[in-house]
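In what follows, structures are represented as structure tokens.
Note that chain A is present in both complexes that follow, paired respectively with chain B and with chain C.
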Partner chain A sequence: MGVVTRKKLFSIIALGAMVVALLLPIVMALPSPATGEEAPAAEGAQKEGEKVEKARDVYYKTEGIVVGAPAPKTTDGPADYPRYNFESRVLLWFANQQHLYYGSFVLAVPIFCMIIEFMGVVTKDKALAKRYDQLAYDFIKISLTAYSLTAILGGILIFTFLTLYPTFFSYLSSIFRPVMHIYALMFVAESGTLYIYYYGWDKMKEGFLKWIHLSMSVILNVIGTLLMFLANSWIGFMMSPAGVDEQGRYLGNIWHVIHTALWNPLNLHRILGNMAFGGGVVAAYAAYKFLAAKTDEERAHYDWMGYIAMALGVAFLIPLPFAGYWLMREVYAYRQQMGITLMGGLLAWLFIIQATMIGILFLSTNYYLWQAMGRMRGAEKYQRYIKYLVFLLACGFMVFITPHTMVMTPAELKAMGGQQHPVLGNYGVMSAKNGGINVIITTTVLSFVWYMRGNKISTVSWARFGNIFMGVFFACAYINIIFLAIYGYYIPANVRVGLSVPQVATTLSCLFFMFTLNSMMMKGAKQLGPIEWGKISARSQYALIMLATAFTWMMGLMGYIRSSVRLFWHVNEIMRDNSPWAYTHTVGFAANVISANVLFFWISILFVFWLGSLTAKKAPVEAKVGVPGAIPQPAGSH
Partner chain B sequence: MKALMSLGALVGVVGLLLLAGMIFDVIPSNTIRLVEGYMPMQMLFEVGCYVLGFTGLSYMLNAMGMGIPRFWQGIGFWIFFLLYIKYRVYPPIPFSVRAMYGTVGLVAVLMWVSANEEDWKKFKQPILNVLDAQTGFNKVLRYVYLVALPILTWGFSYNAMMPKSEEPIELRTVHPAPPASTKVHGKTYVLQTSLNPYRVNPEGKYDQEYSNSLIVEQGMGRLMKPNANPWDEKAEGYLKYVREGGEIFFQNCHFCHGDNLNGRGLHAFAFNPIPANFTDPGTIAQLQETFIFWRVAKGGIGLPNEGFPWASVMPPWEQHLTVDEMWKVILFEYWHTGYYPRTWD
Partner chain C sequence: MSALNNPVIAVIVSLVIAVGYFTLVDHYLMEMQGLDFWYLFRQ
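Up next, the complex of A and B:
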């Protein structure tokens, strides 16, 4: 009893320490007269008689006292752009991308852990609860090694900035000086919290202590998310500066600098993107382990792990296009030319590649679900209809990737009789593309519904009515989406933009209502057979690897697009990039660099996985269950 | 069910015959026309009908004990699709897009044939049979592949590496990003905020809602609204400016852009690409009015770097027209096509 009390005490102290660690940066950020620091206004008052220069915020249009130096006017030379015999921009690109990959991964995985650990705590089935707990632990174990690598890559990134772009970096640091130490302290808080969370797992595995442990994961994720928000404010400032005047002089309001026009959409898009990416990477890890597994138990465990990771990743992938849509809308609202450069101009071809990657993500997900139906008895009844889903997906995909401006030879252009193809040209505009992607997502929802009811027969009295209702609901959803996509051609562009709302609402209605209805119908359903974990085709695992690779490639691509849209500006319209690399790369070159980044990430993360497997090998193996369909047990334990 | 499948089979057979006729030029590809305005959906609908037709055909052949092996179903459908996009759709689809569609088609076929273990086994069995070469026929086939595959690879490589005299592929940006502002006749116009001074209501105030209510009706015929005839001598305000814009258009622009504003003017086919088709929903309908103003004023010569290869012969109209004339001609273009300029609210 005494031991338990002591544990409780320690755990509460640990939790308290985390809360303090979380609040510490905020406390540190408060201006304190005791330390001699004074607000600019007070300073102004003190130096009475001295002329105070005021200027107007470029974005908020408010007046503020100038407290910073103007953005430096750089020149191409060793002072502003020292270099090796290599393109500095590509070096920075590489360092940045690798840091982002790992950063996203270590921010996403603890969120999964939190969700899965919570599921384990609230699940009444003890065996299932243990599985969830083990899975959450497996997840955090993977992220721990990656965490060290993230910190190392962050250091490399800063050194790259200081070495290759010292003037620009010093300007940016001068603007963000009031919150720089908060960023560093947040990082310390994140590290400390993560280590306590990980190493305290076994000690706090039951009862009240488990809840404390779960609370720690919440704090861990709050810190991680705030950290990401701060990092996002840098890129938000570079794209859509605020809090400075036209010369780039800081006006004393750090909130304006952080809270730029694109900060919030970027935050949302990155949270969702990180989660989808994290899910993809963990799913790929599970797929790799599945393919390398030597026993049925291992296969069963990693099959299940892959499924959960994929489901979580896809849960965040589905709203991602809508968050992206919001971001683009805000970009257009901020600067029309920036929006056109992105979606209709210089970078439009990269968006076609992006559309292709999005399509691949959804196609892989559907394919995985169809394969997964193969491991449950009773799901055969849906197999014959899969070809129609393939048709819907393929049609949606083709519309989604059709470029507005086609690549063609002048002879083809002449044969076509104009820049726009009279048939396919219409697929190139947003109205059709919205229809295409919504058809794809709705079909994915339908695949999920089939998967969830694959081995079950509903026993509720209204099952027949429920099935008819679901069928009609999906049919109406498809009709509505396609109708709105066509109708979009007959109305003005600004109204057409608004049509995406009912289309999205239709898709989301399918997602929420159909999932809810399906769950209600399947409550107490008759099982035709258990899910035989581990008895899934190898092809499904390759689909998971494909999913993760597509995520990684797409993240690299979108990062490049977002950064390139500034064209020849370090800070848009404030600080010009005068290095020899202030031009936009060709599509082919960019694609090669992105591929190299993806390759490096996957090779390095394989190393991380291998390191993780070393600790697992040392750990004792728990009791194994060999009966197919029984609860899968992990290969290693903690 | 059987009757339905028979109908499907009939559709499949007739569709295949029609396509074969189009491929061998026995039947002109416009025999069954793609109806203007509905072509994109018609194409998808037709492919959907083919899918249903083939399903029926497969069902009927199975019932007659003449089922086509899954391997040949998959390969056959893919080949059908490639032929469809090459021969059915007119004008011809550029190769880059056909390659994209062909890849999607191949992926879709592979997803279908490998969606479950049983189908996948059926699909790969003929391949395994050839690789195992248990029968004489398969043995011969394996040797054929052994010789043919390297030759094919060599042929593709040779073709890819061989220098060609064809014109290079162009990655043209049709709507390059405009500058934040543009200077015309000494005055600077901010593109995000500038307004057409002639888009006004009877009180003389800028009113897009009012002007939108007077444009021609979308749909067949593009008919004028009642009491909204700019050529009525009594027309005042917005409609009068539209008429003035129209006069300027027919004095200067219609030679290239056409009297129906569809890019098919008298001189249009002397250029490649032909001039912009304003009736297409992908041109002025999705651009801000100030974007058009900038393009008209600066012409092809004023296109920014990203407008490479600057394939536009439009003159910089600021050298020939006044600012007012340019605004009026833009007003006319929107009125005539029945589109509204894009706004961000």
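Up next, the complex of A and C:
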């Protein structure tokens, strides 16, 4: 057997083992959702001559045989809520948030790797393919140390649960018992796959083996995504329980417990959020390396890395508000009061902070793109129009952060004669806010289009018509979005809520049609000069760091909002929180804890980056590849 | 195609396409939700 054949055989066996590792836990779990666990329980009950008790599912309204114990009624004491001399909830909040930050980072980065490695495989330009491959390898190297930290933080989180909230945790794990082992086994499969994927990189560089390696990254990401879906089912159950009766007794159908009202909106929102977050963190890493770079070659490499990470992150950031909107609609559909608490009551001002952060994200992205035009010849023609984009962004931002209601004392409410503020009550309705954010996103799309055609001149015969059509389409899109935002003030609220859909469709039309039209126009376009990577202002790199920090802060904020909406329930309307901390924190306190979380995450991940740079220094230095016009390789090649 | 490259014709054609498209988007996406986009104009 030849060496190559043996390599192929081993790689196929490794890939097969990964697929088995992926499918095994699912196959093991099949009997329980298929036949239901009520069967053995029912048989046992009939044997003893007892009556089988049936109950109704709180969400699905189907009847099921009771197989679980009711949710415990806790009391404030050391049995249910043992504690240190500190607020248990804040300790758990901290452990949870850190695990989530790292977890989302290590789930997002392998997806980036898969995309970039695939781009490298299908790219015909050999030098570019090599650079993509190197970049994908750099990405996975960053996430490897973070992966160990994620596991450690997961362990700390479980110990925090067991130590501070033992009764709640034992109830939750009893409900999810049929799938708890799947989570653990998936974690083993994820670890094994990741290590084979990372350490097999050099062994599987060419041809067929490269495709096997790429397939491994697909398996790795399927496992990672399933892990996240399972974790999402726990928080979905806590917010919108299903599969249990009114007393919280498990009714034997694990699929009902997992597939709650909010599970799928949470899944989509978290996948997109993880990707945008991962892109932001890698872009910030590249920015830090760019600012610390000593040579033009290093600057060129990290400038390119920062741009790719930012572009991938923003590609997922653009649909993120729409996924969030779907999640909120589902919250309203599930419990209207929960939606009102979030958007128009106790937590409404946290959403104003969220709107501010979203505005900062898009402003930073646009600023980076305008700065990035500086690295290409020919983009000067767009510079004089940038001030108009700034005006559009600022207007959209101000509309987006305008509140509709105020937090008031009873005396203020009385003086005002009701909840409606005489001035603010006229502003801040949803169709206007949607108009604001859609103007911001459409402007970001326009900035991207300008960036993509910065150093090119279209040579197609219909170039003039294409340019005019693009200008008119964008102008009409802005007019439509703003018209719908104003129109919302003249029609009843029940009609107004529907306006968000055509607004979103307008923005997405710009995204899909204009990107497609632009790429058609730029086919075979005349180049005014190459993109000079590394020739970009230091300010642009601070914009990338700003983007990542704002996203980290916003993720902490939204996690807090999502948890707080349960108010004094561990499991909404099923298991009450009777600890001394079942109240909602003030906005200021919450913001301080979120800031502390963000600070801890960034300090710890800087340590991870530093560790990664130590291994890079030890790696053998590869000879420079002298490709004319290509971007030089970094010194620390693998 | 050369006629389309005439700026006046290009603007008119683009406006007809864009305005028509966005009007259809507004009308049908509201109708899909069981709502009337032309509510105010029918009053």
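The rule is simple: the second predicted complex is superposed on the first by the 587 of 638 C-alpha atoms of A that agree within 3 Å, B and C clash if a C-alpha of one lies under 4 Å from a C-alpha of the other, contacts with A are read in each partner's own complex, and residues count from 1 in each chain.
Criterion: a residue touches a chain if its C-beta (ideal position, glycine included) is under 8 Å from a C-beta of that chain, and two chains touch if they have at least 3 such contacts.
What you see is a predicted model, and the numbers here were worked out from it, not measured in a lab.
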Practice problem: Kindly classify A:Val218 by the partners it touches after superposition: chain B alone (first), chain C alone (second), both, or neither? | Solution: neither
Exercise. Could you say whether A:Val501 touches chain B, chain C, both of them, or neither, answering first, second, both or neither?
Key: second
Exercise. Quick one: classify A:Ser509 as touching chain B (first), chain C (second), both or neither.
Key: second
Practice problem: Name the contact category of A:Ile468: first (chain B only), second (chain C only), both, or neither. | Solution: second
Exercise. Examine A:Ile12 and indicate which partner it touches, taking first as chain B and second as chain C; both and neither are also allowed.
Key: neither
Quiz item: Who contacts more of chain A, chain B or chain C?
Solution: B
Practice problem: Please indicate which partner A:Tyr490 is in contact with in the superposed arrangement: first for chain B, second for chain C, both, or neither. | Solution: both
Exercise. Applying the touch criterion given at the start, work out whether A:Asn480 contacts chain B, chain C, both or neither, answering first, second, both or neither.
Key: second
Practice problem: Indicate the residue numbers of chain A shared between its chain B interface and its chain C interface, in ascending order. | Solution: 490, 492, 494
Quiz item: Contact residues on chain C for chain A in the complex?
Solution: 1, 4-5, 7, 10-11, 13-15, 17-19, 21-22, 25-26, 29-30, 32-33, 35-37, 39-40
Self-check item: Contact footprint of chain B on chain A as seen in their complex
Solution: 332-333, 335-338, 340-341, 344-346, 348-349, 359, 363, 366-367, 370-371, 373-374, 380, 383, 386-388, 390-391, 393-395, 397-399, 401-430, 432, 482, 486, 489-490, 492-494, 537, 539, 584, 587
Quiz item: Which of the residues in chain B end up touching chain A in this complex?
Solution: 34, 36, 39-41, 43-44, 47-48, 51, 55, 89, 91-97, 100-101, 104-105, 107-108, 111-112, 114-117, 119-120, 166-180, 191-192, 212, 218-219, 263, 272-274, 276-277, 280-283, 285-286, 288, 291, 306, 339-340, 342-345
Quiz prompt | Residue ranges of chain A touching chain C (in the complex, touch as defined) | solution = 461-465, 468-469, 471-473, 475-477, 480, 484, 487, 490-492, 494-495, 498-499, 501-502, 505-506, 509
